[in-house]
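Have a look at this one before I ask anything.
Chain naming follows the written order as A, B, C, D and E, and within any one chain the residues start at number 1.
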Amino acid sequence: MSAYQQVLLFALAGLLTALVLLGIGRYVNARLNTEPARRPFESGEAPQVHAWSRFHVRFLNYALIFLLFDMEMVFMYPWAVVFLDEGWKAFTEMGMFITILVLGILYAWRERAFDWD
Amino acid sequence: MLSLAIFLPLLGALLILLIPASRVKVIRNTANLTTSLTLALWLTIGLNFRLDGGFQFVEFLPWIKSLGISYHLGVDGLSLALLLMTALLFWSALVFSWTQTERAKEYFAWFLFLESACLGVFAALDLFLFYIFWDLTLVGMYFIIAIWGHEQARRAATWFFIYTLVGSLALLLAIIGLYLNTQPLSMDMLEIIRQQPLAGGWLAQLVFLGFFLGFAIKLPLVPFHTWLPLAHTEAPAAGSTILAAVLLKMGGYGFLRILLPMLPDTFRQYALALVLLGVISVIYGALAALAQTHFKRMVAYTSVNHMGYVMMGIGALGVWQGSEAARTLAYNGAVLQMVSHGLITGALFLISGMLWTRAHSFDMDAFGGLGRIVPVFTAVTGLLAFASLGLPGLSGFVAEFQIFVGTFSVYPWAAAVALLGIVITAALFLRALQRLFLGPVNAQWTGMADLKAHELIALAPLLLLVILIGILPGWLIDLINAAMHWKGS
Amino acid sequence: MGIEAFLIVAAALIGIGLYGALSQQSIVMVMMGLELILNGILLSILSFWHFVAPYSAKGQIFAIIGLTLMAVEAAMGFAILIALYRARMVDTVDGAKDLRG
Amino acid sequence: MRLDLISPLLILLVGAVLTLLVGIFLPRDKQRWNAGLALLVLGAAGVAALTLRGTHALIFDGSFVVDEATVWTQLMLFATAAASILLAIPVFRNDAREGEFYSLLLFTVIGTVVLAGAADMMEIVLGVLLSSIGGYVLVAYRRSDPLALEAVLKYYLVGALTNMALIFGFALLYGLSGSTQLGTMGEQLAPGSTLLLSIAVVLVLVGIGFKAGFVPAHFWMPDALQAASTPVAALLSVAPKLAALLALAHVMEALPLARIDWPLVLAIIAAVTMSWGNLAAWRQENLQRLLAYSSISQSGYMLLALVALPDSSLALPALLFYFAAYLAANFGAFAVVGALGKPNICDGAGLARRHPLLALSMAVSLLSLMGLPPLAGFVGKFLLFTVAFEAHYEWLAILAALNSVLSLYYYLRVIAPMYLQPPAYAGKPEPWAVIVAAVSALASLLLGLGVYLFLDFPAT
Amino acid sequence: MSPVAHASVWWAAPAALLLVLAGIALLAMLDAALRARLAGQGWQSGILAGPLRQAFRSIFKEFRPTEHPDLALWLTAPVLLLSAVMAALVVMPLSPGWIGADLRVGIVFFTAQFTLVAAAVYLAGWGPNSKYPLIAGYRFIGLMLAYEMPWAITIIAVSLPAGSLQVGAIVAAQSHLWNIVLQPLGFLLYLICALGIAFWGPLNVVSSSDLAGGVDVELSGAPLLVWQLGHYGLLLAVSAFAVPLFLGGSAGYWLPGPLWTVLKTLLIATLLLWISHRLPRIALEQFMKWAWILLIPLALLNIFLVGGILLIWPGLRGVAP
C-alpha cells in the first residue's frame, strides 16, 4: 500500500461516512416535496431572478489580489526547504521578492482595493 | 570637385529652407544663383575633361567596408554629356520659373533637391550610391508633380511614384543579385565590370530582368510607359521639362552604364527583343502622339517615340555583331539622341508651360492663328518642332541618323520600320504647328503676350545648342566617345 | 501507469478547455477554459518531467512557472473584466464590438 | 553568479519599484517627476548595458544570453521606453494615476529585456508574460474609455490563448528533449516524430507571433494600437516586437535544420504577414490603426533576417540594424500622431504649412518605413534583401520588394494631404512630441548615412 | 530524501475515522457546555448529551429542498467537507510513526485540502438557489482568500527549522525547542487564521445570524448533520495540526505520546472555542481588510524573523547545520 493509497483511504472514509449518513436520512424519511416547503427562506418573496446570475464583481477584486499573492506561497514552499542550505543568499532573494510584493499590498491599499465600496 | 558640384544644389535648398517663405524674391534669386553656379561648375569640369582619360575627377571613400560599399564618384564622356545637359536644363527650368509665387520656397527647394539627386545618378560609380540617388529623384519628382501639378496632380504623382518604384525595387533586387556574386563583395561599378560576376545561369537572367524592368520603366519602353503621359500632362511645366529631359535619360544611362557592360552575354541574348521593343516604342509613341489634341500629352508621347530610338540603338550595340564602326555609330547615336531629346523636349515642355500661363489650356483645337499674335513664340516652337521631327541641320537629325545607320548594319528591317516613325512624327508636328499657329485667328487670344525676357533667356541656350549640335556635332561625339566602357573592358 | 495515461488526461483537459475557451460567451467561462488548457499543459509537463527527464528539476520549475503564468493571467483577466463591467455593464465577449476594420 | 551581467535588468527592476514607491507617496501635482525618475533609470540601465558590449556569456544555468545582439537590443528597448515616456508626459499630465504609469512602463520593458535575452523556454514564457501583463494595463490605462477596454479585452483574450500555445509548444519540446534550455533542447531532440516537432514549432511560432505581431497572432494589434494612447501604442508596436524576434531567433537557431526546415516555415509566415499587413493598411483612416497594420507588415520584413539565419552571417546584424531603423521611423510617425492628438488621416491635412517640421518628420519616417534611400529603412531593407538572397530565398525578397510598393500607397495617403491640402489642424502640438518626432526623423536620416558604424560589430 | 513513511495497514483509515468522529462529538459537547456556561446556565446533564440528541434527531428529519436547487452540487457540499477534513488529517501524526501517510509535502497537502473546504462552502451556498446562502458562500471565498495566505505563510515559517515540508521532520526538529517558543507570533497568527479558515466564532461568516443562518438556513435533515460534522471536523483539524506544528507533537513526560497529542489538541480546541464564544462578531469587510494589511505583513515579518534567527543562531535549527 503506497502513501497516496492511504491518503485515498482516508478521504474515502470521510466520504463513505457522509454518504452513509445521507443514505440513512433518505431511507428513514420520505422526501418532503410539497409546495410551501420548497419555497426558499423568507417565503413570500419568490425570487425574480435566478440567484446564480448575480454578478458579484466586488469579490473579484479580492480574488485578483489573492491570485497574485497565492503565487508567492508557491515559491515559498521550495524556498523553505532549501533555506537552511542556502543561508543568507536565500534570505536576501526572498527578501527582495517579498519586498516587492509588500509594496504591491501597499499600492493596493492606497488604491482602496480593500475598502468595501 | 564632383561632390561639390553634385551637392551644391542641395546646399542651396537647405539655404532656402532658412529663408522666410514670404521673401519670394530672395528665394528665387538664391535658387537661380545656385543653379547658375552649379552649371558653371559643371562647365568647368567639362572644360578640364581630357578626352583620353577614362574616368576622371574620381572621388573614392570607403563607406561600408565589410559590404564593399563605397562613396565612389567619377565622370567619363557618357556621364559628362548627360551631366552637362542636366545642369543646363535645371538652370533653364528655374529661369523659366522666375514668376513662380505659389509656395515658392518649397518649389525651389524641391527643384534644387531634385537636381542634386539627378546629378548624383549620373556621377555615381557605386551601385549602392547610384541606387540612393536614383530613388531620391522619385521623391523630388513626386512632390513637384503632386504640389504644383494640374487638376489630377495627386493621382498622377502617386501613380508615377508607385510605378517607378516598382522599377526601382526591381533594380535594387537586381543589384543585390549581382552584388552577392562578386568576390570579394563589391558594389563598385568598375570592379563589377572587371569581375563579370554573372556570366550565365538562371540568376543572370533574373538579374537582367530586374535591371531591364528598372530601366525600361524609366526610359520608358512601350509596355511600361503608361505612367508617363499622365505624369507629364499633370506636372508643372518645369517639372515636365526635368522629367522628360533628365529623368528619362536615367533609364538609357542605366542600360549603357550598367546592364550592357555588366551582363554583356545575357544582354546579347535579349538584344533582339530590346531592338524590337525599341521599334514598337517608336511606332507606338508616334501613332499615339498623332492621336492627341492635347499639346502636352502629344509632346509626352513623342518622348516615348524618341526614347524608342535610344533603345533601338542600344539594342543594336548590345547584339555585338557588325563592324566596330557601326557599333560606334549606334552608341554615339543613342547617347546623342538622349542629349538632343533632353534639349528639344525640355524646351518643348517649357513652351507648353508658356502656353499654359497665357491660355490655361493645352487643347490645340482651341487655338489657331497664333503666328500672327505671338511671332517669337511661333518661331521658337517651330524650330523645336522641326528639331524634334529630325530636320537635318538640327540636333535630332544627327542623333537619329547615326542610330539608323548603326542599326541598319545589324537589323536592316528594324531601321526600315523605324523610319516610318520619323514620317509620322513629321506629320504630327506639322499638324500641331498648323493647328496652333496657322489658320484663322481665334479672337479669344488676340491679347496674348509674346515671350517675356526670362522665358527667352531660359530657352535661348537650349535652342542654340540644338542648332550647334545639328551643325557641328563633332565635339560632342568626341566627348561621348571618351567613354569606352560599353566595350566591356 | 505509463506516460500515456497522463498524457491522455492532459490531452482531454486541453481539449475540453479549448472547447470551453472557444465556445463560451461569458468572459469568465472563457477564462475557465483557458485555465483548463493550462492545467492540461501542466500535467503534460509534469509527466514529461517524471518519465523523460527526472534527473533535473527543470520540469518542476517549468510547472511552477506555468502555474504562475496561469495565476497572473487569470488575475489580469479579472481586472479587465471588472473594468469592463464597471464601464459597460457587459461581461460577454460579444458585448464588445466597436473596434472594426 | 555574475550579477554585473544582468545589471541593466537589476537597475530597471529597482528603478521600477522605486518609481512605484514614489508614485504612491508623491503628491498629485508633483507626480510628473516620476517621468524624470523613469528616464534616469533607463539612462542608468543604458549605461550599464553599454559596459556589457563585447561580452559573450550564457548565465543563470544557461537561461540568459548576454552578447552583442542582446546588448544592442537592450539599448534599443531602453531608447523605445525613453521615447514613449517623453511622449507620455503631456498625455498623462494630471492623470489620476500619473505616477504609476511610468513604473508600469518600466515593468513592461523589463519583460521585453528578459524576453530578448532568453535562452531558456521558461525565460521566454516569463518574458512574454511580464511584457504582456504590462501591455494590457497600459492599453487600458484610462479605465473609463470603453474603446480601450474593448481593445484590451481582445488583446487579453488573444494573448491568453497564444500564451497557452507558447507554453504548450514548449512543453512538447521539453517532452521531446528533456531540457528546457534551448541549446541543450536542440542537441537532445529525440529522433523521429517529426509531426510532433512540427506541431510544437508551430505552437511556439503562434505564441511568439503574438508578441512580434505576425500572422496568425496579429489580430490584437490594430485594435489595441488604435485604442491605446499614442505613447503606449508606440511602445507596444516596437518593444515587444524587437524582443520577440530576437527570442525567436534564439529558439529557431537551436532547432536542428536536419529535422525541420524552419526557414521555410518562417518564410511563409513572413510572406503572409507582410502582405496581410500592407493590404489591410490600405483602407485605414485612423492613423494609429494604419500604423498598426504597417507595424504588422514590418514584422514580416524582419522575419526575412530570421529566414536567412542559418545561411548568412549578416542576418543577425541585418536584423539588428532593421530594429534600429524601425524604431526610429516608427517613433517618428507615432510622435507626429501624438502631436496631432490621435488623429485620422484627414486631420493631418496641410500640416506642412502649419508645422513643416512635423510634416517633414512624418514624411521622413514613413518613407523610411517604406525603405526609401538614403534613410535608415532603406539600408535596413537592403540588408534584409541581401541576406534573403544569400539564403536563396529570392522569391521572398521579390515579394518583400513588391510589398514595399504596396506600402508606399498608404504611406502616401498619409503624407500627401499634409503637403497638398489646405491646413485643417489648428492646435498647438506638444513640444515633447515635436522633439521626439524631429529627433527620430533625424535618426532615420543619420542611421542611413552612418550605417557603417553599425555594421562594424562582429556577427555573433 | 527520506522515504515517505506511512501506515501500511488497511485499518488505519477506519481507526482514524473513529477517532475523528469521537473528537467531533467531544468538541460538540465542549461547545454546548461552553455556550451554556457563558450564558450563565449551570451544569446540567442535558447539556452534554444535547448535541448527540440533536444529531440523532436530525437524521430522522426529512430533507427539505428548495425551488430549482442544484441538488447534486448542494449535496456534494457536506460530503466534500467531511472527506476534505479526513484527507487533511492523513498527514497528522498521533506520535512518531502513528500517521496515515507522512508525505514529503505534508504541510502543502494539508493546506491544499482547505481549497476543497472553500469549494464545499461555496457549493453549499450555490446549491439551494437561495439568496442568503449564496451570499454566505461568496463571503467565505472572500474570507478564505484573506486568511489562507497569512495562515499558509505561518505554516511555511514552521517548516524553516526543519528544512522540510514533511510533518514528521517538523516534529523531529522540535525535539529541543518547540516552535511555539521559537515563533510565538506565528502561533498567534496560526490561531487567528485557523478560526477564519474553519469559520468559527467571530469569523463565522458562513452560517452567521446576520444572513439568517447563511448556508445552514436551507440545509436540513441528514445533510445538515453531515455539514455540522464537517464544521466541527474542521475545528478539530486545525486544532490538531497546531500540535505537530507548534507544540512539539507527541512530546511530553509520563504519558504515552498519542495521549499527549490528544490532550494538546483538546487544549487548543478549547481555547479556540472559548475565543469563539467570547469575542463578538465584527463586520466581515473589517476582517478582510485587516487580514490583508495587517496579518499578511505580520506573517511575512514572522517568517523573516524566524529565518533571521535561524541564520544567526544555527544552534536553534532542528537539523544539524
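Convention: a residue touches a chain if its C-beta (ideal position, glycine included) is under 8 Å from a C-beta of that chain, and two chains touch if they have at least 3 such contacts.
Every value quoted in this text rests on a predicted model; they were computed, and no experiment measured them.
A.B. asks: Which chains are shared contacts of subunit B and subunit D?
C.D. replies: Touching subunit B and subunit D alike: no chains returned.
A.B. asks: By that same contact rule, can you tell me which chains touch subunit B and subunit E alike?
C.D. replies: Shared contacts of subunit B and subunit E: no chain.
A.B. asks: Which chains share more C-beta contacts than any other pair?
C.D. replies: A-E
A.B. asks: Closest chain to the protein's overall Cα mean, using per-chain Cα means, please.
C.D. replies: Taking the mean of all protein C-alpha atoms as reference, the closest chain is D.
A.B. asks: Farthest chain from subunit A, going by mean C-alpha coordinates, please.
C.D. replies: B
A.B. asks: Quick check for the class: compute each chain's Cα centroid; which one is farthest from the centroid of subunit D?
C.D. replies: E
A.B. asks: In whole angstrom, how far does the Cα centroid of subunit B sit from the Cα centroid of subunit C?
C.D. replies: Result: the chain centres lie 65 Å from each other.
A.B. asks: From the C-alpha centre of subunit A to that of subunit B, how far is it in Å?
C.D. replies: 81
A.B. asks: How many Å are there between the centre of subunit C and the centre of subunit E, using C-alpha atoms for each centre?
C.D. replies: Distance between chain centres: 31 Å.
A.B. asks: Between subunit C and subunit D, tell me the centre distance in angstrom, where each centre is the average of that chain's C-alpha atoms.
C.D. replies: Result: the chain centres lie 26 Å from each other.
A.B. asks: Provide the list of subunit A residues touching at least two other chains, using ranges where the numbers run on.
C.D. replies: 63, 65, 70, in rising order.
A.B. asks: Which residue numbers or ranges of subunit B touch two or more of the other chains?
C.D. replies: none
A.B. asks: Where in subunit C do residues touch two or more other chains at once?
C.D. replies: 68, 72, 79, 86
A.B. asks: If I apply the definition of touch given earlier, which pairs of chains qualify?
C.D. replies: Here the touching pairs of chains are A-C, A-D, A-E, B-D, C-D.
A.B. asks: What does subunit A use to touch subunit D in their complex?
C.D. replies: These residues of subunit A touch subunit D: 99-100, 103, 106-107, 110.
A.B. asks: Given the complex with subunit C, which residues does subunit A contribute to the contact?
C.D. replies: Contacts found on subunit A: 55, 57, 60-61, 63-65, 67-68, 70-71, 74-75, 78.
A.B. asks: For subunit D, which residues are in contact with subunit A within the complex?
C.D. replies: For this pair, the touching residues of subunit D are 17, 20-21, 24, 100.
A.B. asks: For the complex, give me every residue of subunit D touching subunit B.
C.D. replies: My answer: residues 352, 367, 372-374, 378, 382, 385-386, 389-390, 394, 397-398, 401-402, 404-405, 408-409, 412, 416, 419-420, 451-452, 455-456.
A.B. asks: How about subunit B: which of its residues touch subunit D in the complex?
C.D. replies: The touching residues are 63-67, 106, 128, 131-132, 135-136, 138-139, 142-143, 146-147, 153-154, 157-158, 161-162, 165-166, 169-170, 172-173, 176-177, 179-180, 206.
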